[in-house]
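Have a look at this one.
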């Protein structure tokens, strides 16, 4: 991923820590990719009826992570309130999906990988949120 | 739009009022379309430098409305906490975009239409949120 | 949908027939919405194993229609070759999805509605493609 | 990215070379991310009027790469004709965007990175297309 290179080449430098922004964008993009694949792998399982909740949450989480990655990657004219609400919703989507994937982690390797990816993404969204709050307290945003 | 027909044909009927769900999905889909067009119309204006914040918020709002419409349209194995957080974030995105479009409404017809579409979408997201809270109070969800 | 109003408010008027562009954008947006709902309705069916190909094609068709709608809605600095290739791919996605939905149309109302929406969208993409070819022959693009 | 791990964990193994599929999905996802960032960086430039065509093509390319990545990542019940048409359209989107970014590569580092990412993605889409044709000649699909 060229996320850091692109953030560094941006004409309007963010006051945010670009290492954290990069890590968060990359985790969101990876989580969206993994959730799309997990929905598809679940759909290919013989016991697909057992996995309908997992597929549904995978699809939601993929859509939400993808939208959040785009909003976070944009550095021109930032809108912190909007970004915070979207990161907050994304953390919930990741946690909900991870909880469901955990139910199937013993049986399915794809759910095991997806759970780890969702938990990682949730954690980094929370870290990003705490950086945004600091920024707002010190008037950087 | 065939949203209501599809919701009625769904094997697992929601406990939510399908008229409100339909209206909310349609407003989200329309708002995403209008915001995509407003970003593009702003980009085509001679005074595009005056409109960079508007373009940025249009792009965010389009991405967020589109993801929210997909999450809301899904009726199998609903996840109310996730849906509420996403509707909440979407209402903020619509309000933020409407406020910026208002700045350019006297000058640009596309910003005037986009502002109305965003305000309408915000209102219906709030209405949907209040229905979800009622549902949760009366244990319907 | 406010598509026509937005196209009319655009600072750079297309040489294309805006009625056809509007109809095509609206059909794409509707087809994306219907396919998202059909995937979800299939997922909620007891006999979901019979519907895995349908779900997969619904998801593909929703993603492709949504991307195509955005590309077509943009009127600033058009790129006709790119637009044609994307409309062509979208017509194939709609036809493939319609063929699969037809297999389940007697059993499932949601597949019947989805088939009709996909066939309609394919037809309008083809109509849009023939307009683009005319435009290119008469040097309008 | 966990793309290869997810493809290996899939219950229905593709007849395609998973190394090539992984490389193509990753290039598509990276190109979508880079194009989203390039549109935003162009929007933040003082000379944004010079970059309107670049922004428009960045947005198209991001949307098309994202849809193509999802279609390609799905391994359940593949639809080769649909996949080929979408990869073909995506290669055109990447080439068109790379050509425009080249115009601004001396001036803007973000356009230089974006051009390289688009050219790489186009090349890998073409490689994927040639593998799909081989597969079809030897009846693997």
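List of remarks:
Here the chain labels run A, B, C and D in written order, and each chain numbers its own residues starting at 1.
Basically, a contact is a pair of C-beta atoms (placed from the backbone, for glycine too) under 8 Å apart; a residue touches a chain by one contact, two chains touch by 3 or more.
Because the structure is predicted, anything quoted here is derived from the model rather than measured.
Comparing the residue numbers each copy contributes, chain C and chain D share more than half of them at their mutual interface.
Of all chains, the one whose CA centroid is most distant from that of chain B is D. Centroid to centroid, with C-alpha atoms defining each point, chain A and chain C lie 28 Å apart. As a whole-number value, the distance joining the C-alpha centres of chain B and chain C reads 20 Å. Each of the following residues of chain B touches two or more other chains: 40, 43-44, 46, 52, 56, 59, 66, 70, 74, 76-77.
Residue ranges on chain A touching chain C, taken from their complex, read 39-40, 43-44, 46, 48-49, 52, 55-56, 59. Residue ranges on chain D touching chain C, taken from their complex, read 52-53, 56-57, 59-60, 63-64, 66-67, 70-71, 74, 76-77, 79, 81-82, 85-86, 88-89, 92-93, 96. Of all the residues in chain C, the ones that touch chain B in their complex are 1-3, 5-7, 9-12, 25, 29-30, 33-34, 36-38, 40-41, 43-46, 62, 66, 69-70, 73-77, 108-110, 113-114, 117.
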